[in-house]
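Look at the two complexes coming up: subunit A is in both, with subunit B in one and subunit C in the other.
Our next item is the complex of A and B:
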């Protein structure tokens, strides 16, 4: 087990290095740089010589490979450099934005999971038309545009029903609508996958055996089907969570929330290389951590998956 | 030959006691896509306490549907149209699900067909046996645990404490079937429905499992409804037989009577088709002059053992034999004997660790890349499961045509002509060409698989358990087809099977494999009638229906 963990950790570091390198190359390939974008504007009134001096001060004039090694060295030391746009350390920018993003993504994923499980259970235990309606929900959910959903929720809950105040909301109030907005579209693939897996599992011979023991539909669903349907759904949830960390831009914008999504969008607009570089590595780290967590978690649910790491230990 | 299984004596009270189960004029219908199909039509039979009744028939005969109806477990699109299912005199055929659920497990239980998929892979053996007590209201954890361990010991799974903690994938097929038997007898039900309980198992395991069911049944006086396609199994284990075809009863009566004097044409045909009862066709004497088509020398295939560096497992260990052109050589053995590994080495899908596989002058073991690809024209493989070996999204025409497209370019019209001719050759109508595999029966699909293998005009056909997944009737027809093709096209077969009865019908020569080694080899008839090794004797004794009485009557 220990050897397996060390192996996986080594792989994770390689993935991070690769992500860092690819991001670095792509960002270097962009025409112009952040210094030019910030200071070339006519309103600054700087001369070409002054800009050249600034470029030297920011290290933008050094050869590419030197910049690569230099920033890599600093990354390894935990130093992410300065945002050229905001003039503050990247680390503090990230720290400021990570918390709201984690809270938002975590709550959204939890809400989406609840929604998906509810749909999946109804799709199996509901009767007649209920099943049919429930089964048509996931495609519908995924088709709803996020910005529209966000605006509609504000319209209905805040302006018409007056349940959630828009001006100076409580911290929890501020989160209800954005969490809902994010949860609806990500619940769709989760629900779809759960429903499909449950359908397949309920056709398995071991379910017939369970029913022959006298088990009811509900018993079979909870005690047999659920645990078998879980692993693929968890994997999917992990990927969705990773995407949420940097991908909630629209929701953040609609609801005026700070977060990594917005930060990324600004950094791209301004070619704020240091910030982008840090965000890329951070996202890669998040994905690596999630997949490692899944690999350690799934064998606990499905013992057949445990054979490989046990053999490697 | 030493035959130690005797025909079962008729149960004393079978005719006088009130029947435990009575099925009367049962009709079941499936509705799919707006069309209704009646699969069981007017079936009646009864099972006395302590009696074993066998429902025998080919796939599609309605035997499994009848068993499902008795359990109240028809698929969602199945409906009981008319008739009664009486348990101890009470008609349960119209009972609501909740009442039936209370009955299942406690008074009627099931031993399913395929033990490998019939246990939940993510729960322990112990939990799955304990579950039947929990469902039926037992709350005392200590009592449940004691019963679980007792049951595990009773079905021969020791040490019980360890087995209870294991997961299904850590047990062999036979052991898993023992677990399922433990579940079926846990609450001492009056009736056990055994749906092809051993069809997925090796013959020797099959025999031990059937013995176990017999023993437990006798102890408790339980009745058994035994569903099987194998008349041999029915003869060995049942008191009475009901022969079904197309959802109707063809014949019913005590085993002796049906066996000695079958009244229906269909029962007579089943008796002819059952490999263990059939008289082998006299095969033409081996052509001495015929050249050697395939020679295997010192074939060894070893895998490294996971987690134990340096240790290897020899799946095949020094196997050698030769096959004359135009004859059939059978590789016989149980799972794990190395027969499939040997077959895959011959077909060039596995590279042996050592040894030679000579087809003519070519050593298959040394081929790779393009040479190996070209070699595939000479040796083709037919797989066991015709449901899995055909691409469900291709039409039959596309499946059979594909090998032709992989080699020298042939004009489209010529390809079509060849496909048509080979489809006709394997005895299928033209009309199947445009259909997907799902529209065909198991036997028809295996014909397609044979057509696909033959379309390249190979010299050698490796048949890996090619008839094992089929019922006896389809099996008999495929064996006839293979025989005919061999005579007409001069093909050489390597026939891999666990079933000595089938091997005896088709093979000229046999190698009996065990743990990767050949334990006996020779002419098929000789091995069958005068086996020299204990293992071959054991395999022969395990063939169902292979009793003195049965053989006397069949001969």
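Our next item is the complex of A and C:
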């Protein structure tokens, strides 16, 4: 087990270095750079000489490999540097944005899971037309644009009914609408997968055997089908969570929330290298950690999977 | 389309005036109330708060509340009046300025705002600081050095005449900050809590990218001498909250969740006004929202082509279809509220037939695809949309339709910021470009067109390495003369000359006078704006509901 973990850790470090390097190369490939965008594209109206001076001060014209080694070296020493666009340390930007992102992504995933399980159960237990309606929900949820949904929820619950304040909300009300907005599209693939797996498993011979022994529908669903349908869904939930960490830009913008999504978008738009590198490495680390957690968690649910890593160790 | 049009035409131009009168009357009746928290919604978050970076509107909106300026430019008359400086003298050729400061002013960290501090501020803004990477301020030219004469008297010396300096001391970009702030590197000045000013409000709390809370300074007693309000600010605090989505800002205002919002699209104005809310559209008083040519590009090097495109641009149609009466059609390269403005509307007429004649004369004949060509080359131009300008993409697309009618194609690109910045330096890639800049001093024209500054026309000798030969010495001489003519009448005459010259050369197609549009709840009173349209909450108060 320990060897397995060490192996995974080594892989993780390689992934992080690769992510760092790829992000660096991609940003270099874009035309322009952060210094040009900040000082030339801005409202400051600097002269040619002043811009040339700033470019030297920021090392913006140094050879690419030198910039790469320089930033990598500082990164390894734990110095994330400063955001050229925002004029604050990258560490403060991260600190300010990680918490809201984690809270929003966590709650949205939890809400989406509840919704998905509810849909899946209804799809098996409900009556004729209910089942049909429930089964058409996931495609519908996926089709609803997040942007539109967010605005509609705000219009109805905040501006029309006045139930929730969107501007300067109390802590409890701040996340209600954003979580709902994100949960709807996220629940769709989960529900879809769960329903399809349940359908397949309920047609397996062992289910027929259980039924023949006198098991109720609910018992079969809970004891047999659910345990088999859950692992793939969990894997997918892990992937979705990873996506949510950086992918809630629209929700963040509509609701005026802070978060890594908006920060990433700004960093890319302004080629704010230091910020983007930190986010990329952080997200890569999160992905690695989540997939490791999933690999360690799945054997607990499905004992058949336990043999593989144990065998490798 | 038709409904929008009727809508705008039906709205009498008098309406905003009446609304403003009504608001003023109401304000006169009730006496100001002290206290309360005002919620102000911004479209974007502030970035770096180094005062000379205050041209970015979200930055200016913050800096204008927390810093004071040496002088005050009266937003009505544009005259320069006392503020932190009680009085001043300027020598005959505008190379020496002496300011006498008001006693007893302190920064919010307790440091005195004295001659030493003022000298330190302008040394930084005038010369920059290489070590700390502080850039030079755009509004200060020819700066040499400062001299502290006594604790309340400071002298500034210039290499060459600098008549724009007095107005330059009144702008947001010259906001006075504590020496402690100026000791920090540029890269740390995006943290609002580190910007220590002497203004009526002080930064209390920030959530980066989301919210900034300002509290009134209780001991503030040094507002501009002629400001209608004196003493501490009336509000207790201001919450500046970022809300990027237009419909959310307006909805929140109408639902009573916010008091003042910035940036309202022209098509939303009527909805806000019809509910009894106030619209404010202060002019930015500078170089108009325009399309500029880059004559270095052979396609637009011929003056007849540029003239033709100007004749083919129906600015009235642009203003009527896309904007509101708050966006007056341009009648010169600068706004009619700008200093030295000359009405040149007779040179800005729409005449598509004349446009076609000029193009034919220049040898551009209609090709098989409906696009004019000459020597096998098609007349196809490209421009990037400018994100900070209101409805710029729609404006350029409408211009493209108008130009298509005379056989010229205009491609409008969005692009990423990097490509936009790099391509906008290359006349071969961007023969035309949208442009505007606000500042209430004639120096603004030089800022916009001189090769050493913003270089909107892309001449040689500027920041772009891609320009091959375009250089207009006559224009640059005129621009330099404006920046260094100490005699006010002569200076304004030069401003008239340069407006005529730029239009005669058809370097620019001015479209409209750009305002900054704000909306406020009916109970918001005393909302002020500085000379180029950034809000001032110093005299603002909230009437009882």
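By our rule, the second predicted complex is superposed on the first by the 306 of 313 C-alpha atoms of A that agree within 3 Å, B and C clash if a C-alpha of one lies under 4 Å from a C-alpha of the other, contacts with A are read in each partner's own complex, and residues count from 1 in each chain.
The rule we apply is simple: a residue touches a chain if its C-beta (ideal position, glycine included) is under 8 Å from a C-beta of that chain, and two chains touch if they have at least 3 such contacts.
Fair warning: this is a prediction, and the values are worked out from it, not measured in the lab.
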item: First, second, both or neither for A:210, with subunit B first and subunit C second; value: first
item: Partner chain in contact with A:228 - subunit B first, subunit C second, else both or neither; value: first
item: Which superposed partner A:287 touches (first subunit B, second subunit C, both, neither); value: neither
item: Chain touching more of subunit A, residue-wise (subunit B, subunit C); value: C
item: First (subunit B), second (subunit C), both or neither touched by A:302; value: first
item: Subunit A-touching residues of subunit C, taken from the complex the two chains share; value: 39, 41, 47-50, 52-53, 55-56, 128, 130, 133, 135-136, 138, 186-191, 207-211, 239, 241-245, 247-248, 251-252, 254-255, 257-258, 416-423, 425, 437, 447, 452-455, 461-463
item: Subunit A contact footprint on subunit B (complex, rising order); value: 71, 73, 97-98, 101-106, 109-110, 112-114, 117-123, 131-132, 135-136, 167, 169, 180, 183, 193, 306-307
item: Subunit A residues within the subunit B interface of the complex; value: 204-206, 208-217, 219, 223-224, 227-228, 301-304, 310-313
item: Complex contact set, residues of subunit A against subunit C; value: 30-33, 36-37, 39-48, 50-51, 53-54, 57-58, 82-89, 92-93, 96-97, 151, 154-155, 158-159, 162, 165-168, 253-258, 262-263, 269-271
